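Okay, so chain A shows up in both of these, paired with chain B first and chain C after.
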Partner chain A sequence: MGDLLLLAQDSSGFFPIFLQTLVKGLALGSIYAIMGIGFVIVFKGTQVLNFASGGMAMAGALFMSIMINDGGLPFMPWSNPLAPAAGTDPSIPRWLINLFFALIFAAIMGMILERVAIRPMVGQPLFSMAVITLGLETAIGPFNRDATSQAARTLGVPWKLEQWKLFDAGIPKSYVAAMIAAAVCFGAVNFFFRSRFGVAMRAVAFDQEAAQAQGINVGRVFSIAWGLGAALVTVAAIFYGMGPFPPQGTVSQEIHPILAFRVLPVIILGGLDSIPGALYGGLMIASAEVFAGQYLSQWTKILGAGYSTIVPYLVMLIVLLVRPYGLFGTEEIRRV
Partner chain B sequence: MSFGRPHLRTSYEQDSAIFPTWWQKGAAAFALLFITLMVLGNGAAAAIPNWLFGATWLAPFTLVIPFAIAALGYNILTGVTGQVSLGHAFFMGVGAYTAVALGGKGDGGAKACIPFHENLGLLESAGECGLGLPIWIWLPMAGVLAALVGILVSPAAVKVRGLYLAIVTVGLTFIGLHIARMLPEYAGDYESGRKWPKLDIRLWKEETPSIDLNEDGKWFGLIHLTEEQKQFFFLFAILLVMMAFAKNLVRTRTGRALQAIRDRDVAAEVMGVPEQHYKRIGFAISSFYAGIGGALWASYQGRVSPIDFSLLLSVEFVAILLIGGAGTIAGTMLGVTFVELLPKVVERLTGWLAGELDSGGVISTIANFLLTSGQQGDFGPVSTSPTAPGWPMSVFLWNPVIYGVLIVVFLIFEPHGLFGIWLKFRNYWKGWPFSY
Partner chain C sequence: MLEISNLEVVYNEVALVLRGLSIEVPDGSVVALLGSNGAGKTTTARAVTGLLDNHEGKATKGSIMWNGQDITHLKPSGIVRAGISQVMEGRRCFGELTVDENLATGAFTNRANAKKNYDRVMELFPRLLERNKQLAGYMSGGEQQMLAIGRAMMAEPKLMILDEPSLGLAPLLVQQVRDVIKLINSEGTSILLIEQNAMMALSIADYGYVMENGKIVMDGSGEKLLADDDVKEFYLGLHGDDTGERKSFRDVKHYKRRKKWAS
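And then the complex of A and B:
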């Protein structure tokens, strides 16, 4: 469970395997980075470490699956006009539009959760807020588990399992898509932080009260942060669901609920408040995970099946021993 | 000593006493007596109404006790020292698997036990291992080993603070699950688990236990007890010892140092409290409690699988602490009783409502609104079948939802938990008729 499949079986030779592993690491790293950016935006905007990311991401991915696979939501009088014919995968434009609606859904969900559960807690200790999100995660989880319990929730991957050939190495299109998604998200977030709202968010991250005194609508910044954060983690969950990632084109009952917890080492490494840090952290952690999974695989019986999934946590523990604030995080100034 | 108003102290001894007022002493004694009588009367006396403390409630109450022990430890780490950990399930697991490695027996099945260090490189699938030692060895060792593991991970844990610690301990939980998967000869099958040693007091490995906890019979030739009653009293005695230790810890130099770190770590350091040293101590003590609690839980349950020690269990302790009230023993007890009995109560309530579906009247309407029994046109969110997948969800899936919502609700509306509600109530009468 949770272990990335060894893709290199069909090709041989040192270089193709290395190339495939590298691409796999970059692809997984892109997904970790997108999710990490989702964490970081919420933390910058509201000073909350969002443990509910996993639940929200999975709910967003499930929404996508329901839209594409079931042809519309239950309890709704109309069906989704952009759903593909039953049993087929959608074309890329249709898929993109559905993705867009899934992101809107996730953003609205994030905003509602923020307004209901987080807004009343403004000014409370960091820990109380984090625990609130832990409560949200616990409360959302069963609904997700229930939705996936009956049948596999396929996500409709437009490019299925197709590969490109490069120097004898198979490069799955999903990996490239994940990298493109990470580039788009990273660019969009950077662009956002140059915009009016982004500048407001940076001000709020620096000092909430001072920002309000300058006329910034802090509540709206909170809303935007949670909406953006939820949308970003949903992107990550959807791209992680596309084969040949282990869920094999579905929203997985085993892997998706803990996906967000696997990204925690990434934001530790990158620092809770650094967006480039999330990108570097994601690439480093995912590379460590994928390379360990590929090149230590002959010792699988000693290390245990699925050992590569705990590599991120081990890396995190070692990094924290050396640098308690991660590699890119700003050290907290402690005052009495 | 006075009958006393709370916070009206007349001497220093009174201020540091376990029960500062006669009223509290009396209430504690009454609670002890009440619990004893309830458990003794249970099953024998039909006069006690079943809904209050019938025989069917003894097992759920007994199950609360191991969690109460572990929750006391969590309170020491998070409530007293202020270090937020999400790795309590991991330390419970360490305790439980120490217990089974020392106290458990091989299944006697087809496969022989091959210990991990001998199996390394052979890669044979081995049978289950265990030394079959008595409880007075495996129970303390479960605590001690958990504490040692706590000290082992503390270099990473005491350096970081706040959210970083929470994340590190999440990592611990996942690493622990993986280790359990690596060691099937101790942990059993990953999904279905393995058998634990029974709660029996033996001197050494002899056949008949000196004090039998798994059969009805006379205890010390005096009093006839059922199996469940024996187990309850045994676990309850351990709980009382652990409670006394936890209560006393707060009154010592170490306890004051821990509280100073919670209130302001930098200020504590400035006053000469070595922060990392005491954090390590807090971690070790908390892990000790978790280990004992985990070992008792697993052996009381009889069969536990590694997935039971997942992150959800750690979150349960967060819920216990927040719902009960952080930093106090009474609050912890309230919280653990509330959180651990809640699933049982919800389950019973659902069963009762399901029986009332067709009775007509208000309750029947409520039942029809809440429950779905599979008939056409039902729309209730709770399924009466415990196993049916899909919407409507079963009671077992609704339980975590209730925890989660309760965590949120308590944090927003009553951050001091049930104990805070009691304090408000008490303070209202303390100054009566004045409201201040």
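And then the complex of A and C:
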């Protein structure tokens, strides 16, 4: 997985390093949280563990990259009128508009995948559905690899590696952007859950048949859950593809395993069916990872380099032993 | 008017549960459907509201007509839109949603009149208004039954199917539920009342059906069924020659009597 953590060494003194580590933890946690929320929303809406979220996130980020760099829309003949002029970086509003359309593409992709692969399985054992999503993950992979030609692609982030200075600590703008994105996603999802379709989704999650008896179209709820889930994991992938996160402002195969697997400790810690759980789980897991990387680095000789990447999984293991439904999850959650 | 004719329902492709059931619910009436456990009452409700799919069930023969439209194979949402709502057995409130949100799910197909219907439900059940922000799961059985009925009312149905609304309720609450059903009916909603509590059901029913083994074995007006010896004995626990005094259990001897409809 390469060097996931750039250790804060350039600043001196305890406090700047601590601040920098904290901000990095929160930023990475924001990414994990968005990823987790995307996972949880699919689980809440459809009771399916969506193992395809990593592949969907990659595909969504690639949409973004294609729109920004190639001046065209993926797999479509017409060009993207909103793309920045060749060779220049987009302005922030333009980048956000492109982001918005990338998310719409991702949502449509999620809905199509749901319609094609999940809907025919409704009523089948949840385990079969989970395996179907694993199949989807494998099936999306080659498309993603072909699209990138295995190479890293830039996302045209307008603020690049710029930093703010705070008490001698460097606060990268990307980190702040990730936190804002997480706050917006969390707020939007909470708002959604109070809306008509959000209430319907919670009703379907609680009792599918009773929801049907109220005239709720369960198929449409499934479709919305997958659309939202795909859009959210795409946000996570795009904001993770910004420097100074390890891939340095690009989306490449290198980040796929993180998107695919790091979400598991997050949602297991937070609870499979809890949106606040995904938020706190994301922040906690990432903080554990980042702080372990920063402050236990003097023992790298014993632990080996990159050991901080296993910290989330250690946490997951402990949570599974002690509190298998997570911190915020429902206790009697269905086993898969 | 709801017309079920010769309906056959099969579960899992093998278990024949309804064997040629025929029922009519005329507009504006209260029709009671009685029967013991396993007679197929709930299956009838599922068949009408399109929920058979959830239980691997299928309507193999016969038809369900609603105001001249064949709804036998319609999706549940289409049936609710067409004006048939069901209050399911066991209440089935969404426990993790608040009272208001539960009512909002009921208004899913009928957003235009949601405000008006909401006020109507709250007027009918002031108890729900008191607790409108509370989670439905924490309410008592009686309150949940009110909520389930209120939720069905949010869709402004022309026919409401109530599946065992008296299940697990204290006698006083059963009276209350009965009054509510009467009131809803008086406002022009037809009622198909599925009950084990025959006394309660027949006391408000214009017409009643007795079901056994997936078939109608007897039907008639509410009074006629209430006066019938067999209904009295098997559904009300009274006896033909009963003058009201208590009887020794020894004299009952169910097994010696054959229901007159048993072949």
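Simple rule for what comes next: the second predicted complex is superposed on the first by the 315 of 336 C-alpha atoms of A that agree within 3 Å, B and C clash if a C-alpha of one lies under 4 Å from a C-alpha of the other, contacts with A are read in each partner's own complex, and residues count from 1 in each chain.
We take it that a contact is a pair of C-beta atoms (placed from the backbone, for glycine too) under 8 Å apart; a residue touches a chain by one contact, two chains touch by 3 or more.
Remember, it's a predicted structure, so these values are computed and weren't measured experimentally.
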In the superposed model on chain A, is it clash or fit for chain B and chain C?
fit
Contacts of A:297 with chain B and chain C, given as first, second, both or neither
neither
Let me test your reading of the model: by the given contact rule, A:154 touches which partner, first (chain B), second (chain C), both or neither?
neither
Contacts of A:137 with chain B and chain C, given as first, second, both or neither
first
Figure out whether A:212 sits in contact with chain B (first) or chain C (second), or with both, or with neither.
second
Anyone got the angle at chain A's C-alpha centre between chain B and chain C, nearest 10 degrees?
90
So, A:196: does it touch chain B (first), chain C (second), both, or neither?
second
Answer with first, second, both or neither: which of chain B and chain C does A:49 touch in the superposed model?
first
So in the superposed three-chain picture, is A:253 touching just chain B, just chain C, both, or none of them (first/second/both/neither)?
neither
Does chain A have more residues touched by chain B or by chain C?
B
Smallest separation in angstrom, by C-alpha atoms, between chain B and chain C in the superposition:
12
Shared contact residues on chain A for chain B and chain C?
none
In their complex, what parts of chain A are in touch with chain B?
49, 117, 120-121, 124, 126-128, 130-132, 134-143, 145-147, 149-150, 258, 261-262, 264-265, 267-268, 272, 301-307, 309-310, 312-314, 316-317, 320-321, 324-325, 334-336
In the complex of these two chains, what residues of chain A are touching chain C?
123, 196, 199-200, 202-203, 206-217
Can you tell me which positions in chain B touch chain A when the two form their complex?
84, 86, 120-121, 123, 153, 155-156, 159-160, 162-164, 166-168, 170-172, 174-175, 178-179, 181-182, 264-267, 270, 311-312, 315, 318-319, 322, 389-391, 393, 397-398, 400-401, 403-408, 411-412, 415
Tell me, which parts of chain C touch chain A in their complex?
49-51, 53-54, 75-77, 79-81, 85-86, 88, 92-97, 101-102, 104-106, 108-109, 111, 151-152, 155
